[in-house]
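I have a structure I would like to understand better, so I am pasting it below and will then ask my questions one at a time.
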Amino acid sequence: MEAREIYNRLKRQFPEDVTTFDAEVMDPCIHVRASAVVAACTYLRDEPDMTFEVLSDLTAVDLPKDGKFQVVYHLYSYAHRHQIVVKADVPREAPRIQTMESVWKAANWMEREVFDLFGIDFRGHSDLRRIMLPEDWVGHPLRKDYVEQEEYDGISTQREALVPEVLR
Amino acid sequence: MQSLADQIFEAGYLPGLSREAVYAVVIVLVAFAVLSFFVAPLAGVTSWLERRVWGRIQSRVGPNRVGPQGILQWLADGIKNLLKEDLIPAAADRKLFALAPYVVFMGFLATFVVIPFGSRLVVADLNIGLLYLLAVTSLVVVGILMAGWSSNNKWSLLGGMRSAAQIVSYEIPAGLSVLTIVLLAGTLSMQGIIRQQGWAPWDWFLFHSPFTFIAFFLFFTAALAEGNRTPFDIPEAESELVAGYVTEYSGMRFLFFFFAEWGNLYVIGAVAATLFLGGWHVPPITENPFIKGGLEFVVFFLKAYLWVFVAMWVRGTLPRVRVDQLMSMCWKYMVPLAFMCLFGTAVWMVLWPGGTPWVSVLMFLIGVGILGRFFWRVRYQIRHAKPEMYWNPFI
Amino acid sequence: MEEVTQTEIKPFHAEDMTISVGPQHPSTHGVLRFVVKTDGEIISEAIPDVGYLHRSIEKIGEKVTWHGYVPYTDRADYLAAMFANQGFCMAAEKLGGVEVARRGEFCRVIACELNRIASHLISVGTFGQDIGAITPFIHALRERESINNLMEEICGARLTYNYLRIGGVGYDIKDETCHRITQFLDHFEPIVDEYNRLLTNNKIFIERLANVAPITREDALQYNIVGPNLRACGVSWDIRRDIPYSVYPELDFKIPVGTGEMGALGDCYDRYLVRMQEMMESCKILRQSLKMLPKGPAISKVPVKFKPPAGEAYVRVEAPRGDMGFYVVSDGSEYPYRVRIRTGSFTAMGLIHKLSRGIMVADLIALIASLDVDAPEIDR
Amino acid sequence: MSMSALTEYVNNITETVTSIFEGMAITFSHFMRRPMTIQYPDRIPQQIQDTLPLRYRGILEVDMDICTGCLACERICPITCIAIGIEMNKETKQRSFSQFDIDICKCMYCGLCAEACPTGSIRHSQEFEGACYNPAGLVRHFVTEPAPLYKPKKGGETEPNMIAKVETGKKYMDELATPDGGGAGTEEG
């Protein structure tokens, strides 16, 4: 199914929550309001002629200029061989979004990773712990304004340069 | 040994000492000599050989730097392990922890008492030799359990428990297949069993009847399991239990376990040679007792080492079985088959009390046939893969 | 009626034992950790704990140039570096609208398929080792060593290849190297047969793997299992065929699918078998692409300061551990704005918790090995 | 016991025995095959360095005699492990190197610098043994005393010494693929 048609179907179902459609980009994407993303994805998964049974990827992009994080869902259907990108914006100050775990189990670990590296709170997640970094790490590294701590557990995170930088 | 001590005593070299003291000194000295000049090199060279055999199987070379062809590698490893720090975990049961390697080692060492290296070269020809052998090898399981328990490590405990279950189970098929031979020979004495056989292959108990032929392989398999060798090395399964019951051991104590394992390999071979392969029998070519004795020793040694080699080779070939499969293999396959062999042999003996030389020859020919078939397959493998050949065993 | 007093029978209560498998465990394929709760030999729960090999490759992507990020992608999965190269280059090319030189595409396919064989060899080899057969492992590494030598000739490195460039490949493949690859294939195909006779058909090996931790189709989709693991569940899905990229549509190859040969569909043995068959398919692809290798430049013109227009691209590559997705966002500058690498091992790890219930300790090791999880790829 | 169970029982035994037999034949055949081991470092017929292809990406080396000081390598290096210092003599207006350091500790052998070099002066050698006791020892200093920059002569080099150096640099550059079809492919293929 064409991306445009998927968008139309989704728009008909959720006229309020589906905001815009980027058709001119390489991977067409649908913007959905954060509050309705689980409902929209459930619809996309269960509709018989779309059946997006796989959540290929779940990640986020930090957009400090717009003051938001963009949570990006890449969906794919093995049955119909089509894909769609769903995006939801969450505010940077209070990043919060519903978990996708009830729709696709694969979201469990991916959301943990996004939580770890971006600090987005996935509401209703069964096991929201840090996954890559230690539990006591400070900050969320993939945020654009992240500054690495000077030392961790008394170990310096800096490395002395052996070659002095040449001033030019 | 006693006569040696008597001679020394009577020669009057040691005035003022009681006869018992001389016995004790002589026994300690002889034990020391045997330990350091026979058993240690035996286990050590076995370890070296195993690594070389493995190496060639795996397209590698193996240790070849220390001494000619690396034959002294075990010495270097031993010295290294001796010099290593002896660590005992803080939470371990110190006494048991320290004791366990020696119990394992003792279980292996005590078997050398009854192994007949020649018609007159045996420490003690006990009339219950075989029973004694089965009894002392069971000591090993006690040591392993002690090691597993006292390390206070979960891997060690799992390894120890696995080992106990395994060794206890496999005693049964091993014992049953040994009983087959006892039935035939009518004696438990190791020398007695060998004397019942002859130098020619068809005089061996291996080819006595189809049942003994199967019993031999059952015995060998069960012995591998008792010696914790692949495919039954689950107590120390490296990829599962890190190192099983030896996880917490280091230095010399660690070495003792492996010392015992490699030594045990030779014991397995020796027992197999004794029971099934005619032991030290040599063709009647000479009457000179010295040459004959030497030949006997060499023949016995080689027969035993053949099975040591096979055990290494099996280890290089097979994957490891799982715990439940190990048990089901023992109880569902090996124990019934061993019983079959036992009863079959008994029936055989009733039907043909005078022996069946023609069956022995036939069985021998079948054995040769299997070997021929085997080399035919080896030839096929080489022709199929077209590898670069290298016949020299030394590299 | 008289009331019968019943003594309360308490079931024999035993506590579960908690064992930490890893991070320094011989069979965790890198540094992984499982917190395993066992009742004797039976596992009641195995909780994976990852992150020991996190090298923040995604963050590094925001700090280096587009060209300069290619060597970093090598490190995402160092057993199959070529595919991460391929994924990132394809994403950058998609963003920048770069046409790849045709010879370059074939060079990529040759390098990738060689790499796939190498990676699968490691996979099936370590599989054997985890089951306890060391010899097949070393035999597999021996063949991989030959591939490493070929790789050295192709791109000068043995592990972290950094062979692909945006727009093509860094080094052209010489004719003599092509000849040597053909020689290797002639030598390798009988060796796979031998490997089958030594390990695949071994009764003990089959018994250890058949019916162990089968993955159902539903679970595979829910947990987004990809690559050989997915195909072992009976789903015929291969990016090379179904979302074609590079020159794969021109090549003829089959997609091996699990059939439940020795036990349940999607068990450990199926996963193993799919990898073995895939190696043979890769050999076929290699022979074809060596024959079809066209003349011409191996790289197209790409500016040194590569600045793709703002936008984003998501590309998928069929890596040995499954669908490797590169989600790359550009803001039109010299540096990528965001790079996200989605890997097969990561999602496969998510399933282990579910699969591990009720299997034995030895089976857990087989399960980890059969999923072919690779610590660098999980943690990135 | 039903008949099928008995058949399965016997089959299991046969399969086990035959597959082990086959496996043992394969492992036995390896006793006659040549081992794969290279007995590095002493028992080898030829130095490993000599057997490596020209493309091999070993430790970086710089031929300062043909380095133009264009800084392309320094700029492209993703981890900035190259540091080049160039000074200008105020009187003669001649520029010369004051520093050319490469931190081998940091280097990830990606080869991007060698690709950017216009003369092939910076390149990966076949050397791979870099062990030393101190990380500082892994910093390679290529400039010991200020040296002038290399300027390619219009009509080509005349000095035999320099011709050889330029040729060597070219040899390394020929290994690289270029958009106009240069490199190894077109020469031979």
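A, B, C and D label the chains in the order they appear, each numbered from 1.
Rule of thumb we're sticking to: a residue touches a chain if its C-beta (ideal position, glycine included) is under 8 Å from a C-beta of that chain, and two chains touch if they have at least 3 such contacts.
None of these values were measured; they are calculated from a predicted model.
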item: Chain at maximum distance from chain B, centres defined as averaged CA atoms; value: A
item: Result of counting contacting C-beta pairs for B-C and C-D, higher pair; value: C-D
item: Separation of mean Cα positions, chain D and chain A [Å, integer]; value: 40
item: Gap in Å, rounded to a whole number, between the CA centres of chain D and chain C; value: 26
item: Intercentroid distance (Cα basis), chain B paired with chain A, Å; value: 62
item: Inter-chain centre distance, chain B versus chain C - centres from mean C-alpha coordinates, in Å; value: 43
item: Per-residue multi-chain contacts in chain D, two or more chains; value: 12, 20, 22-23, 26-27, 36
item: Where chain C touches two or more other chains at once, by residue number; value: 135, 142, 194, 197-199, 202, 204
item: Contacts with two or more other chains, residues of chain A listed in rising order; value: none
item: In the complex, chain D residues that touch chain B; value: 9, 12-13, 20-37, 39
item: Residues of chain D that touch chain C when the two form their complex; value: 12, 15-16, 19-20, 22-23, 26-27, 36, 52-53, 55-57, 76-78, 108-112, 115-116, 124, 175-186, 188-189
item: Residues of chain C that touch chain B when the two form their complex; value: 17, 19, 25-27, 40-41, 128-135, 138-139, 142, 187, 190-191, 193-194, 197-199, 202, 204-205, 207-208, 360-363, 365
item: Complex contacts: residues of chain C adjacent to chain D; value: 64-65, 67-72, 101, 103-104, 135, 142, 145, 152-157, 160, 162, 167-176, 194, 197-199, 201-204, 293, 295-302, 304
item: Of all residues in chain C, those that touch chain A in their complex; value: 50-51, 54, 56, 58-59, 62, 94-95, 219, 221-224, 235, 237, 242-243, 311-314, 316, 323, 325, 327, 329, 337-338, 340, 342, 346-347, 349-350, 379
